[in-house]
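What follows are several structures.
The following pair of complexes shares a single chain, chain A, combined with chain B in the former and chain C in the latter.
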Partner chain A sequence: MRSKVTLARLVRNPQARYGLLALVLLLALAYLGPFFGPYDWTEKDFMAFLSPPSADHWWGTTQIGQDVYAITLRGMQKSIVIGFLVALVSTGLAALVGAAAGYFGGWADKALMWGADLLLVLPSFLIIAIISPRLKGGSWLWFVLLLALFSWMITSRVVRSMTLSLREREFVLAARYMGIPAWKIILRHIVPNLSSLLIIDATINVSGAIIGEAALSFFGFGIQPPDVSLGTLIAAGSDKVTGYPWLFLFPAGLLVLLVLSVNLIGDGLRDALDPGSNK
Partner chain B sequence: MMGAYLLKRLVSNVLLVAIAASMAYFLAATSLNPRAKYEGRPTKVAESVIDATLDDYNLNDKTPVFERYVTWASGVVTGDLGKTWDGKSINDEMGRRIGVSLRLLLVGTLVGCVVGVTVGAYAAVKQYRLSDRVIGVSAFVIMAVPVFVLATMLTLVAVGINDTLGFTLLEYTGEYNPALSGWDQFTNRLNHLILPTISLALGQIAFYSRIQRNMMLDVLGQDFVRTARAKGLSRRAALFKHALRTSLVPAATYFAFAFGTLLTGATFTEKIFGWHGMGAWLVDSIHTHDTNAVAAVSLFAAVCVLVAGFLSDLIVAALDPRVRVS
Partner chain C sequence: MNEPTTGRDAPILEVNDLNVTFRGGIKAVRGVSYRLDRGEVLGIVGESGSGKSVTSLAVMGLLPEGTEISGSVKLHGKELIGAREEELTRLRGKSVSMIFQDPLSAFTPVYTIGDQIAEAVRIHQKVGKDQAAKRAVELLDLVGIPRPDLRAKAFPHEFSGGMRQRAMIAMAVANDPDVLICDEPTTALDVTIQAQVLEVLKTAQRETGAGIVMITHDLGVVAGLADRVLVMYAGRPVETGAVDEIYYRPRQPYTMGLLASIPRMDRPTERLIPIEGNPPSPAALPPGCPFAPRCPLKVEACDDVEPELERIGPGGRMSACIRSHEIDLKGLDGATVYPVPEAPADPGERTPRAERETVLKADDLVRHYPLMKGAVFKRQVGTVYAVDGISFDIAQGETLALVGESGCGKTTTLQQIMQLQAPEGGTVVVLGKDSAKLGKAERKALRRDLQIVFQDPMAALDPRMPVGDILAEPLRAHGYKDAKAIRTRIDELLTLVGLAPEHAERYPQHFSGGQRQRIGIARALALEPKLIVLDEPVSALDVSIQAGVINLLEDLKVRLGLSYLFVAHDLSVVRHLADRVAVMYLGKIAEIGAVDEVYGAPAHPYTRALLSAIPLPDPELERSRTRILLEGDLPSPADPPSGCRFRTRCPKRALLDEAEARKCAEVEPTVVRLAPAGDHGAACHYPENTEAVAAPGV
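Up next is the complex of A and B:
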């Protein structure tokens, strides 16, 4: 079985092993950690403003008395959710658009690829920065959609060119002559055959989205208060970094560890799924 | 042939810049609200006065957006980028800020490319030795650290060093100390450049070193390098004249892409180190609802990306004889 071989290769790959281990630990910290902390992320301790890490407040407190441990883990949860959702949506979009463009060809291909080119040219940072804080309701799900909307184009071009060759293969032709509708062929026969490319792409997209979220939130264009994410926490902490470094170091350190572990898994996956590539 | 090809690319790129800048203008003009800056003032201003002022600056949201766009675009074509929300000339402000940003971008690009390519080539020659592994792991870690984290860490380190030494060895805010003059002023400016350059260049170095190492490894095993050695060239000459030059071609094609990330990175470094450049202006102008300033910075960014893509083509043409001949 191919999937078994891949899995064995993945486990044997030290990069992927350490990356997976680190990611599991970070996920555990984000989702189980809050249960062990002495404070809730909404609580404010009016006896301790900007106090350094101590036995009571493990990672210190903010200027309004929030517990940095609790609020950082809360922000990390949001960053993780955003990372995975954006990766899912953008890789899904890339697969569907690329496969449809390659499979149908003709004007559909031209229109879809023109759209992809247009999105590549547009200044995505500016567009998300202007639109995202102004969306009615300010739901962070809109922000996820915007981030995903600007990150699928290059992969969809790769998917398209691979679909062009898959389209002529016997099993696709057989399915077509049996009268199976086009959308079913795309979903059942073309996309699964691109799975290794898509899995690698999705992994890379996770770390890209986590950094993208933090970058936009750093300027106040991403997650809006009262929601917190690693980006908003880093932004708040970097203002006071010289006097109160714990406000910055904990969220920034977790962000780097998160991105690093996902990148390690991505690299390991590439080695395991795509032995021909030289990284 | 080459000239015709470059001309064609130039035309299509100018078109793309025009589209990108126009999109940015429409987006900014429809979603930003400069009127609020006037209505929110403590002393109430009559609506007709606000309208007249906004009309004067071409910012009135009561004018149809397309009409405002035509006014803006005809100004841009003749070299007038319009007025800021409080009536200052965008051209003047931009002239000041472009110098600041270009200094940062130029030094960052140069240091990033040169050091990155050198480090990558070195790692390839020392493949699987300790130095190669150290370079590889460091590049991997650096690429996981976003610019804003790196820049803030550097200020933290600088403050720590300055505090232990008892005097300011490393400057970490602003572009220069206006109290100094002459030679002191110059060295002070250089000192202010150190930290922003490091924070911009480190990511670039990591990126280029990874690409350059892979490309160099591809080339090192090929016949023409062996031939060069066989005909009596020294190892050094074979590496520099044949292997390095050939392996630079693919790295040069990534130049435009890397410059794009550098441009975004410069926004963060400018904000964090207190430089008043174009990137800081973009962020500030979105916060202050300054439509024309947003459009001007977008135009600048689009032109920068165009120039980088163009340069990338030129470098490839200069390095790769096949491109020049065909």
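Up next is the complex of A and C:
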């Protein structure tokens, strides 16, 4: 019943509707757009280096003659996948670990939070830098896992402390006295009551992961050439922004649109899940 | 200070046509007028949301900015509405003082009580530090705090709730105010403490000669204290007059219903009369009389225009109802006007208690909490004797009430039972099964038959779940698989508790308190349990709503053959609902037995004090009855007195000789059956066997 009611409320929310529409359009652009462009993202046009947007190259070309339209869309595909997966894994991990630690307390709490603290003090950048060369040739999914592994700890600490107060609430007691198993209580009563926090965290994580991936790629980890992501494109284009703005503006603009639409959906979802809002 | 010259009988506080509109156009108070004379107590009565607190905040000028206030508030003939902030600050605490409901948040935790009272003195009077401190000690002595010179140096958290409220009163009267506004001053306190605080309030009034505005929802408190009463509904005064007039001859249907809906300790057998429906939201008032949708005397003209407060008798007797005169002429009262809900047919002669199945048996139940100290290396520094060996049993179809003040171990007992784990000491046997010997699957199966209804209907329902899911949860957990069967059962349950099936898709917060409690009850009933534990199920509800829920619980018990374990602090509700009652004091049972016997002839001095502390909604009785006032507070359960736990507060000890008193201090009394035939036992060495003291006719 809850999912039905939530969905109805989500669709009724104008903010969420625009966000969803924008996201669908962006996804369509990323995955269908390349079929309409005149160039493939691997092609290089040696007749046009750094040429501004024109009828031939819609969004211009790079210094080695790549079509900006084609590579930006290719990069966006990667970024979308990385951003969403990292956000999903990291927020999910934060919610589960934090809620479990807070709900069970005692040794489980100590062990889980000790693990979280340990990950917090480890220099994540260094570890990723050390591990990523070994993953060369492996799937980029490893990269997603690494990014997620180092971004859930602070949220999970917040989730834990909120769970501590939720645990004492009477509806949780009621569920316990009903004979509902602990993991079901966590998933059904605790996590939904933290959804405002988690949704905001997830939307921030989407943008955080896209930007974090860009930073790592800049230093040569993560997405490696010839493959591209929005991050690598922005990094490459940022120093030429005054002379050749199209190198920077198109990927950066798409990143902003992407994060914005995700945020809109997040806000809408939060309102839909929260019976307190009357939208 | 030179006050404007006023006549001898001029009111000290006069409120005229006061209107308060909050941002967003919500009209919280609409046209309140009253006057308060010197030394008079005015009771303002109403349910939550009726605007009674907002009225007093408006008088004090304490409403947030952006609130529209119109009308006039005159203190000694001086207009306060629109006065400058500095001027109001000078008056607050000097001429008008306020006592709040929650005494903990009314004190700053980082200063001592003495300093805070001294500060209140120094703000308005030009006195030295030493003198102010001295005055603070005097004031604490006035409100009956033992060893005031020492206690003045204590911090707020070192005071108990009752002591804090007394200190609050001391602070309020520090500057001899002319008007004392008390906003639910005893709602957060236990009955015996409430009786003490009300006594202090009377003393304070005698000392200062102030007029008191007493805001409360408790009609018993008002009956004993007030001279005049103002009843509010939906932001408007609906009836006003002398206290006896209002209680004995109410002329407005709402007042009549309110008085009829209170469970009375002295009239236990009558069925309660609820007022149907809920108070209107101030954002969506009905046209005409706001009470019309709930009123049994409604006629068509009621919807036309909102009735004004009109004079219906001498002495400022006013009522806002177009049929007041008719009610007066016919001499109607609440019991005749309101439809008495029909009680379900009693299944006739029941088998005697001894032959019925025992659904719950607690034997020498013990729960101690270790008191830990230290952050890194924890060590035990003491033990809290929360529950210290209590025994009781519940037969099928019976209601046992567990009563006592906060901190006596009621809730711990209940948790021990609900957990279905092996208790620390003693045994809990639910439906013939010992909780210590249960396997995992057995425990889950037993949970079907043992359900709970919580006190706070908002906290007990997951705010993120639609009602349908809330009710489906126990069903799904216990083997209902088919979605259609679940849906049918949900509809059944909602109808059973008096709600509509289409309510299943709404969230808990779309319901009023009483409706939410009904959802909580429906959830407890979902699996057709045999025993339901009720944890203060009506204490968070307004009186008019409370009656409906109590009736529902009574009906369900008869119809479904349920047994209840009922935990409460409201002894009038207990009298109404319970068959047997166990009075707890500091983790022990003080007295246990059939309701009529315990209330009729209380044997333990604590029970007697408890019963006599309850305010009755009957001004004449309140004036004539003598109270047994207990001294002091509940001792800490970490350090209970030796021997009889009640001996430190026992009013009976003064009457005992030395040898007898020594027995109290050395030997711990156990529950002893008083008469071989009756169902009545008390844990006292010198039980009482005289007639009841609570009220004539009990």
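Remarks
The definition used in the following text is that the second predicted complex is superposed on the first by the 184 of 279 C-alpha atoms of A that agree within 3 Å, B and C clash if a C-alpha of one lies under 4 Å from a C-alpha of the other, contacts with A are read in each partner's own complex, and residues count from 1 in each chain.
One rule holds in what follows: contacts are C-beta pairs under 8 Å (C-beta built on N, C-alpha and C of every residue); 3 or more make two chains touch, one makes a residue touch a chain.
As the structure is a prediction and not an experimental result, all values here were calculated from the model.
Looking at the shared chain after the overlay, A:Phe171 reaches chain C, while chain B stays out of its contact range. When the shared chain is aligned, chain B comes close enough to touch A:Ile211, but chain C does not. Judged by the touch definition given at the top, the superposed model places A:Ile180 against chain C, while chain B stays out of reach. Of the two partner chains placed by the overlay, only chain B lies in contact with A:Val259; chain C stays clear of it. By the touch criterion defined above, A:Pro192 lies against chain C but remains apart from chain B after alignment on the C-alpha atoms of chain A. More chain A residues lie in contact with B than with the other chain of the pair chain B and chain C. Across the two superposed structures, the residue set of chain A contacted by chain B and also by chain C is empty. By the touch criterion given at the top, residues 16, 19-20, 23-24, 27-28, 31-32, 140-141, 143-146, 148-149, 152-153, 155-156, 159, 214, 217-218, 264, 268, 271-272, 282-283, 286-287, 294, 298, 301-302 of chain B touch chain A in their complex. Only residues 118, 121-123, 125-127, 129-131, 134, 207, 211, 214-215, 218-221, 234, 238, 241-242, 245, 248, 252, 255-256, 259-260, 263, 267, 278-279 of chain A touch chain B when the two sit together in their complex. Interface residues of chain A facing chain C in the complex, by the touch rule stated above, are 1-2, 5, 169-171, 173-175, 177-180, 184, 188-189, 192-193, 195, 273-276.
Looking at the complex, you find that chain C touches chain A at residues 418, 443-444, 447-448, 450-452, 454-456, 459-466, 468-469, 472-474, 477-478, 504-505, 507-510, 523.
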